[in-house]
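In the two complexes that follow, subunit A is the common piece, with subunit B as its partner first and subunit C second.
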Partner chain A sequence: MFNRILTIAVKEIRQIKRDPLTLLVIFIFPILMIILFGYALNFDVKEIVIGVYDQDRSELSREFAVSIDRTEYFQVVKYYENQQQVNKALDSKDVQCVMVIPPKLSEDFYAKKNVKIQYLVDGVNGNTATVITSYVGAATRNLSNKYINEVLEKKGIELYQPVIINQSFWFNPELKTTQFLILGLMGSILITLAVVLTAVAIVRERELGTIEQINVSPLTSIELLLGKIIPYIILSLIVWGIILLFGYLLFDVTVKGSWILLFVSTVFYLFASLSLGIFVSTISDSQQVAFQIGTLISQLPSNLLSGFMFPIESMPPAVQILTNITPTKYYLIALRAVIIRGVGVEAFWEQLVYLFIFAIVCLTIATLKIIKQRK
Partner chain B sequence: MNSIEVKNLTKKFGKFISVNDISFEVKEGEVFGFLGANGAGKSTTIKMLCGILEPTSGDALVGGYSIIKEPELVKRQIGYMSQKFSLYNDLTIEENIDFFGGVYGLEGQEMKDRKEWVLTIANLKGKEKSLADSLAVGFKQRLALGCAVIHEPKIVFLDEPTGGVDPVSRRNFWDLINTLSQNGVTVFVTTHYLDEAEFCNKIIMINEGRLIAGGSPEELKRKYISSTILEIECDDVNKAIELLDDMSFVKSSSFFSTYIHVTLSENAGNEPDYDNNKISEIRNILSDKNNINVIRIEKILPSLEDVFVNLLEKGGVKNV
Partner chain C sequence: MKLIFHFIKKEFRQFRRDRKMFMTILIAPVIQLIFLGYAATLDVNTVHTAVFDKDRTEKSRELIRSFEKSGYFQIDHYITNYDELTKLLDKGEVLMGLIIPPDFEKNIERKESAEVQTIFDGSDGNKASIAAGYSQGVVSGYSQNIRFNVLEKSGKIIPMSGTIQPEIRVWYNPDMTARNYMLPGIFGLILLIITTNLTSLAIVKEREIGTLEQLLVTPIKPYQMILGKLVPFTILGFASLILVFTVMKLWFNIEIKGNVVYLYFSSFLFMLSTLGGGLFISTISKTQFQAMIISSFIMIMPMIFLSGFTFPIENMPRVVQYMTYLIPLRYFNIIVRGVVLKGLGITDLWQETLALFSIGIAILTFASLRFHKKL
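Then we have the complex of A and B:
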């Protein structure tokens, strides 16, 4: 049994080696993806370019503008004279946000009336707009608090704040999204690779007719599948190593938790992905179809539904249920637990169980389809 | 000793009956020809006998094992090779042999010996490191056969093994089949080249899933062709064939390369010297009355093709 599996695996490896171009693509593709995604797809909002339309032109209004500029998130690049300039600046996307200071700011302020500062935010990119809004809100609140303190001090009242917010972000203190993204990318690349390679390799035998020769031999389906899968597990693990290495070199992604746990989780994930690949092979009759179905069935859900780009918690309930169709969801939870949080298996063991169940379901459907073909 | 015993084997795909209640026996060491037009049910039958397709009803013993109850044991007894020459084109010749040897669990000295044997019969010694893809079809086919029998099976199934191969390679391939048979291997071969079927010890013919005839080539010819077949060589064959078709004692006439083949009507009245009389009559009409230069008119032995066409016509089957 073992020898026969080895025979298949050796044959498969020889075939892979005969096709160096494909092999190169397999290794280059993830590196390119990491570089592209890591640098281009960045949800971090920093150095927001802001313009100021100061209609008051007082000492106080200038102080307002300068205090915003001083924070690390904003950079005041332009002062405007009139509303037309403001509109133009936003239209041409020179700035992402304009701070509008009303004409009688100073006067109203000292008259102890409420003053209003308006922020015009470019809302085209909803994500960025939300972040900008919360940043300017916080900056303005700080400013406001400062003045309250001053006023109270003058009156001789000591201010104390009954509740103080002491915010600190665990696991990812700088709130960098790149780390998060690289992990998602890892899940997406691995599943695509595993599904497409397995499906194409199996369908190729069928398309060329070599499967017939294997079918009439004493080789069992299990031996055949294991023999075919083993080389692709090794290949996928190499790619996994490459992604980890480049994640570390380019984006400083380090593994906080146990390497063994990380490895075990990845093997579970690959097992699930390869099973999905076997399932795809049973529903495709040509290598081209296998490639297309494989790419679609692996990439679409793993990019959209796994929590890679969009948080699952903010999806509508029906879609949340749908997210269970992708093993990437479970893998990402495990990856984040081990790499970012550095926690033990007790925090995510259910995910490994889900991955296992996913694999068994795929293999069962595939086996039933194969048995049906015999009849 | 029977190598293969088929009993009432039937295979239906939905309402379509691919193989309809066929029974036959194949003796050990026999070269057994399985003939039929495309789609007649040959491949379906072979797949069932190899244990990779379940019959709808009936059973067969292959090498003593039931294809229904013990398909895995059947697989150990047999070798199989199809028209598609199931070799890996992106592997070298040696790697292909290694692979099939490994699948059948050969190792060590046995593997070495068998590899030598395959290389010898395929005439590929010294080319071990070439890719299978680079081989001419004839070589590929011999290599495929070598790989299919690398484990020295008692029974070999060959499904259209000579499709698309040149005549010389086909002849070489049949020499190889005869060698196997002389070594006691039962060879079960399907083909639609009827000239190849002449090399078989026994033949069965299948049409639309049913057996229509069986026996040795000679038996079949004797049994199914009672009429005389003439070969005529002459000029202006078009005019000649028109004239022949008008003759009352001609059952059918057709072109056969540059000659004409004529099937005479049966000698119903037991007329003495019927064949020679008719030959004279044809010569008379063609050359004397119509000035066609008749070079020769000869009685020929019917070929299996004649048998097959005759059988199908009797059965009222069209589109062969």
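Then we have the complex of A and C:
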């Protein structure tokens, strides 16, 4: 039995080697994505470009605008003279936010009234708008407190902070976001390649009719499947190595925990991904269909639902339950535990169990489908 | 002319044979649309928290309550030692640990500063820094309250001044849903898949089966062949656009604010470059699988990420920002968002329209010449 599996595997490897262009794409794709995600893509809102319409023109209002500009989050690039200019400012995308200071800011503030500074935020990108809103809100309240304290101080009231806060960040004190994204990318690339490659390889055999030839040979289906899958496990592991290597070389992503645990988790993940690929092959009748369904079923959930790009806790409850359909979610939890936190298996062993269950479910459905098709 | 017409008819007959394929291709973006609509939020609205209250007094409970009341923190665990906290952070079960020192209340009453400690799981740098901002806000609010209470009790007149409050208005997308921003991006996505992916596949398939040679010995001219191949996919592209419009309107209630005719016109301009891309890929790939992976992994995916579809272009480094000027999808996304969300027209967007047109013509001409030579 072992010999026969090996023969199939060798045949498959020979076939892969005959197509150097495909191999090239498979190796270039992860490198391209790492470079993109490492250097170009992030959700950080760095400097919010802001415009000011100061109707008060008092010392306080000028001071306020300058203080906002001085914080690292904002950059005041424009001053407006009238309402028309303000109305056009967001349409033209010159600024992301306009600060409108009311006519009697200074007078009212010192007259012990509560005044409001209006911010107009470009909401087209909802995520950026959320960040801008919270930044301008916090900055305004901070400045307000500062001015209140100044007034109190002038009246000779001693100032002290009753409660102060001491914050520390474990595992990643500089709060770098790159390594987090690279781990997500690792999950997303591995599952995509594993699913698409296995599904297409199996369907191709069926499309070309060579599967009938194999059917009349003494090979059992299990032997055929294993033989076909082994080369792709090796290929996926090479891709995994490439991602780790480039992550280390370019972005200093180092493994804090045990390499063995990392390897074991990856093997579990590949097992789950390949099972998904086998399942896809049973519902596709051509290479094109296998490819389309394969990319859809692997990419979409692993990018959107796994916690790679969007935090799971913030999704609506129904969607949170739905996130369990992607094995990438489990793999990412394991990856973060081993690579970023460097903790032992006791912190994430459940994830390996989930990956195993996922694989078994996929294989069972696939087997049932095959049995049904044979009948 | 008649020749081309027959050629087109033949192509459509072929479409009908691949029904499963087209179902997948049309349904995929709709599923993606729905997923994106619900899952894509970067908000951190639930910070899972563990509290280690060493003081257990009225004041410490008050502080805990103000964390809960802020709406961002969900206290899952009350713990009694550091080991528990380490375990929870290692497992990633909580994002934040709040530690209140034993003499918290005493210090406050003695008018000395009491220090509370927060420890974050920094694995996801983004999430940790947002949560740190929230906790800072809660503690400083609590601190301010205590100070005012103390002042009030001491009989000094409060307030000495007013406050400055932010009043934030979000334009174009008042709910700040990422949905409205991302959904129009689906148009570009679906056109890319249909025109680039399928065009290249259709031609390569013909070559793989050998029917391309048969066509060459017929009196059909190369330009007629190119047209005959491209026109059906253009029509298919428009059909899928209409489908996506309808889903967007019925399911998500997003109406097109601007001129629909202009939207279709710019879609056509966009398709010039995507069809050209498909034609180009067909000249460099020998097998269907090569065509699929080159178009999906090397062309479509990087293009999507660099077009500002999910990641804002303003956040990218300068060099990459300049690179995005070469990507037609960038202009198309600006146009689609402008027309759908803001109701802009060609007078506002003529630059993008012109760019789309020039890039499209350039790519299509280059690809046609290459295709011609290859024949």
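Simple rule for what comes next: the second predicted complex is superposed on the first by the 329 of 375 C-alpha atoms of A that agree within 3 Å, B and C clash if a C-alpha of one lies under 4 Å from a C-alpha of the other, contacts with A are read in each partner's own complex, and residues count from 1 in each chain.
Operating definition for what follows: a contact is a pair of C-beta atoms (placed from the backbone, for glycine too) under 8 Å apart; a residue touches a chain by one contact, two chains touch by 3 or more.
Everything quoted here is computed from the prediction, not taken from an experiment.
Trainee: Kindly say whether there is room for both subunit B and subunit C on subunit A in the superposition, answering fit or clash.
Mentor: Fit.
Trainee: Which partner does A:K116 reach: the first (subunit B), the second (subunit C), both, or neither?
Mentor: Touch partner of A:K116: subunit C, not subunit B.
Trainee: Is A:L6 in contact with subunit B, with subunit C, with both, or with neither (first, second, both, neither)?
Mentor: After superposing on A, A:L6 lies in contact with subunit B but is clear of subunit C.
Trainee: Which partner chains sit in contact with A:L219 here, subunit B, subunit C, both or neither? Use first/second/both/neither.
Mentor: Touch status of A:L219: first partner only.
Trainee: Of the two partner chains, subunit B (first) and subunit C (second), which one does A:D19 touch, if any: first, second, both, or neither?
Mentor: After superposing on A, A:D19 lies in contact with both subunit B and subunit C.
Trainee: Residues of subunit A touched by subunit B versus by subunit C: which partner has the larger set?
Mentor: Looking at subunit B versus subunit C, the one contacting more residues of subunit A is C.
Trainee: In the superposed arrangement, does A:T210 touch subunit B (first), subunit C (second), both or neither?
Mentor: first
Trainee: For the superposed arrangement, tell me the lowest C-alpha distance between subunit B and subunit C in Å.
Mentor: Between subunit B and subunit C, the shortest C-alpha distance works out to 12 Å.
Trainee: Identify the overlap between the subunit B-contacting and the subunit C-contacting residues of subunit A.
Mentor: Subunit A residues touching both partners: 19.
Trainee: In the complex of these two chains, what residues of subunit C are touching subunit A?
Mentor: 18, 20-21, 24-25, 28, 31-32, 35-36, 38-46, 48, 63, 87, 89-92, 108, 111-130, 132-133, 135-137, 139-140, 142-144, 146-147, 150-151, 156, 159-181, 201, 285-290, 292-294, 296-298, 301-302, 305-306, 310-312, 315-317, 320, 337, 341-342, 348
Trainee: Can you list the residues on subunit A that touch subunit C in the complex?
Mentor: 19, 21-22, 25-26, 28-29, 32-33, 36-37, 39-46, 64, 90-91, 105, 108-131, 133-134, 136-138, 140-141, 143-145, 147-148, 151-152, 155, 157, 160-177, 180, 196, 200, 204, 284-289, 291-293, 295-296, 300-301, 304-305, 309-311, 313-316, 319, 333, 336-337, 340-341, 343, 347-348
Trainee: In the complex, go through subunit B and note every residue touching subunit A.
Mentor: By the definition above, subunit B touches subunit A via 50-54, 72, 75-76, 78, 80-82, 84, 86-91, 95, 98-100, 102-105, 107, 147-148, 157.
Trainee: Touching residues of subunit A toward subunit B in the complex: what are they?
Mentor: Touch list, subunit A to subunit B: 3-4, 6-8, 10-11, 14-15, 18-19, 208-210, 212-219, 374-375.
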